[in-house]
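This is the structure I want to talk about, given as structure tokens.
First chain written, first letter: the chains are A, B and C, and each begins at residue 1.
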Amino acid sequence: MKLLDSTDSGNSSSIERTQYPYVTGTSVIGIKYKDGILMAADMGASYGSTLRYKSVERVKPVGKHSLIGASGEISDFQEILRSLDELILYDNMWDDGNSLGPKEVHNYLTRMMYNRRNKFDPLWNSLVLGGVKNGQKYLGMVSMIGVHFEDNHVATGFGNHLARPILRDEWHENLTFEDGVKLLEKCMRVLLYRDRSAVNKLQIAKITEEGVTVSQPYALKTFWNFNAFQNPTAGAEGSW
Amino acid sequence: MTKQHQNWSPYDNNGGTCVAIAGADYCVVAADTRAVGCISPFTGAVRQKLGMLRVISHLGMFGGELSRADKSLMASSGFQADVRALQKVLAARHLIYQHQHNKQMSCPAMAQLLSNTLYYKRFFPYYAFNVLGGLDTEGKGCVFTYDAVGSYERVGYSSQGSGATLITPFLDNQLKSPSPLLLPAKDAVTPLSESEAIDLVKTCFASATERDIYTGDKLEIVVINADGIRREYMELRKD
Amino acid sequence: MFRNQYDTDVTTWSPAGRLFQVEYAMEAVKQGSAAIGLRSKSHVVLACVNKTNSELSSHQKKIFKADDHIGVAIAGLTADGRVLSRYMRSECINYSYSYESPLPVGRLVVQLADKAQVCTQRSWKRPYGVGLLVAGLDESGAHLYYNCPSGNYFEYQAFAIGSRSQAAKTYLERRFEKFMGSSRDDLLKDALFAIRETLQGEKLTSSICTVAVVGVGEAFHILDQGTVQALIEAFEIAGEEAPASEPTAADQPPPEPGVAADQGAPAEHDAAPMDI
């Protein structure tokens, strides 16, 4: 049951609102690097704790200058993409040489998320938004209730706990593309090991002044032959 | 078995502490830049540092640089999304005021506007705890302190937010403001000089940061006086 | 009583394909006191003549700030102009609320024009009787637009509207080619000269004109009277003698908008207009 809201006191209106998510994606990580922004997310989507979908693209370009990554409810993310597409379309229809940059899109998203939480009907996502326009790099995020900020590196969900400490240690302004990808892969590997909803199939997206490229899905090299991984229940009597 | 889904709340507390002190011809407003919270509901209620945020708003159009013309400063703590929404509403209202009256709103007028804006959402409040500081129409320092639903009072100094419980008694002790019950009423402005007040604010935050985990990283201080307005920063404990 | 039988409401066409009510609204623009605008690569200057209705009254405000990067000068029904500038202000505020960036000037102008157009197609409405010179700065540089009651809008290098604006237009047409490279002060100078052209012999003082600027690093603002007076004196514009050429131009039909900009004689000398 997704759509129940019986908490309205004395109000018998049958407005249906999302009170919890169905199919969710896990962490997204975004960093600034020398020439722009890099973003990484795996392609899994879970139905509760079942890994239900394995080829879900969670990082997408928005117009010419921005890149969005999402964790949380996949359907809500797709709805967000739909409305951003509309936003960009209307923006292009002016055909006057002006275009919305990452800062504008981030702010628009923030208003959208906050507006939905005000209606007690949130979009169940944490969003990362990055981009480059006129030589300015931009990276920010928004939560499902409208909390938002900018930073040099951001992460959602488990990434906030497992990846950001690594990023705080190792991130610096002049990361090359290669070093940036390596850093993201390091973070994604840690997440893969420790986050049960993470899958070993990920995409890395890059945005620079030149434009957006989203990589083909690929897997990370992993090593599972640690003792604790091989026999995790050793010493735990009665468990299987 | 109980349902395994996450629940959500429209509120979060992102912490933060603010202090404002009014003097005879100046006002000091200060707040730390730390923001704490759970950015996503998927990893339980583990709260952590989100990032650096500027929480002192000079109520210019949605940010921008401080201007000589600024007359009031708002420092806020609580739920960041609400704080930002509140800042934006006030900035827009202030802009309309400027268009209509060809001048900046005075600090006491802004104080009333802030109260009305908060009370307007009395039954779905902005979870924001504010202090408003500036110079009044006579050029005297003034501080207004609020609760989340718009009750407010003009005082000589105030502290709000997660570190307020630590800072308020210390300020009470140091500033010895005359009781508001005294008749005839005594002026509430503090006897300190501007630089003494700034030092006092720095001490307050350095101390609050020791015990309050929601306060820290960096302190932003904005001083407003007859000469204009200026901003300075002080580093705080980052742990 | 009636000029003809096709002007009783806005939505009635004349057999010649004209909408008389709309044309009357444009006539109202010509009745209003003059407003001019000109731009360089980085700045736009607006100026207008302040006319008082009687010796006993003050003049009406004709230049409005819409936002830090947009301002407007009006000619025609001031009351309509105020309503439209209020609309512009609220559009600017709403845009920066959503995007935290300034509304591109061209977009505001289109929205404004669409608003004016609606009034030309509804039987129960009346067109706005005001012409607006919209000055603004955005990512793509400085802009000057003219918005007409008909819902048409044009971008200009320099333009003048209102009574006796033809004289100012002639002045601007003679010099506009240099404007793109002009400094802020040169623009102000040309603005004051152009305004003087519309005065029909009256002495130019800061009390009968308003000047406003917007530009790179400079939010839109109306210059205070003292500053304007200082400029007038510095440029020695006041000159009590009437401009050499008789300003009878106001009675001639204005040139086709848009074409006007192409007709200016090449400015081969720097001569002040009193020397021409």
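Keep this in mind: a residue touches a chain if its C-beta (ideal position, glycine included) is under 8 Å from a C-beta of that chain, and two chains touch if they have at least 3 such contacts.
Source: prediction; values computed, not measured.
*Asks:* Please give the pair of chains with the highest number of C-beta contact pairs.
*Replies:* A-B
*Asks:* Quick check on this structure: which chain has its C-alpha centroid closest to the centroid of all protein C-alpha atoms?
*Replies:* B
*Asks:* Using mean Cα positions as chain centres, tell me which chain lies farthest from subunit B.
*Replies:* Of all the other chains, the one whose centre lies farthest from subunit B is C.
*Asks:* In angstrom, rounded to a whole number, how far apart do the mean CA points of subunit B and subunit C lie?
*Replies:* 44
*Asks:* From the mean C-alpha coordinate of subunit A to that of subunit C, what's the distance rounded to whole Å?
*Replies:* 49
*Asks:* Taking each chain's centre as its mean C-alpha position, how far apart are subunit A and subunit B in Å?
*Replies:* 32
*Asks:* For subunit C, jot down the residues that touch at least 2 other chains.
*Replies:* Residues 97, 100 of subunit C each touch two or more of the other chains.
*Asks:* What does subunit C use to touch subunit B in their complex?
*Replies:* 65, 67-68, 89, 93, 96-97, 100
*Asks:* Tell me, which parts of subunit A touch subunit C in their complex?
*Replies:* Those in contact with subunit C are residues 94, 96-98, 100-101, 103-104, 107-108, 111, 134.
*Asks:* Please give the residue numbers of subunit B that touch subunit C in the complex, ascending.
*Replies:* Going through subunit B, the ones touching subunit C are 61-63, 88, 92, 95-96, 99.
*Asks:* What part of subunit A is in contact with subunit B in the complex they form?
*Replies:* 19-21, 24, 26, 48-49, 71-72, 110, 114, 117-118, 120, 122, 124, 126, 141, 143-151, 154, 156-158, 160-161
*Asks:* Residues of subunit C touching subunit A in their complex?
*Replies:* Residues 97-101, 104, 106-107, 110, 138-140.
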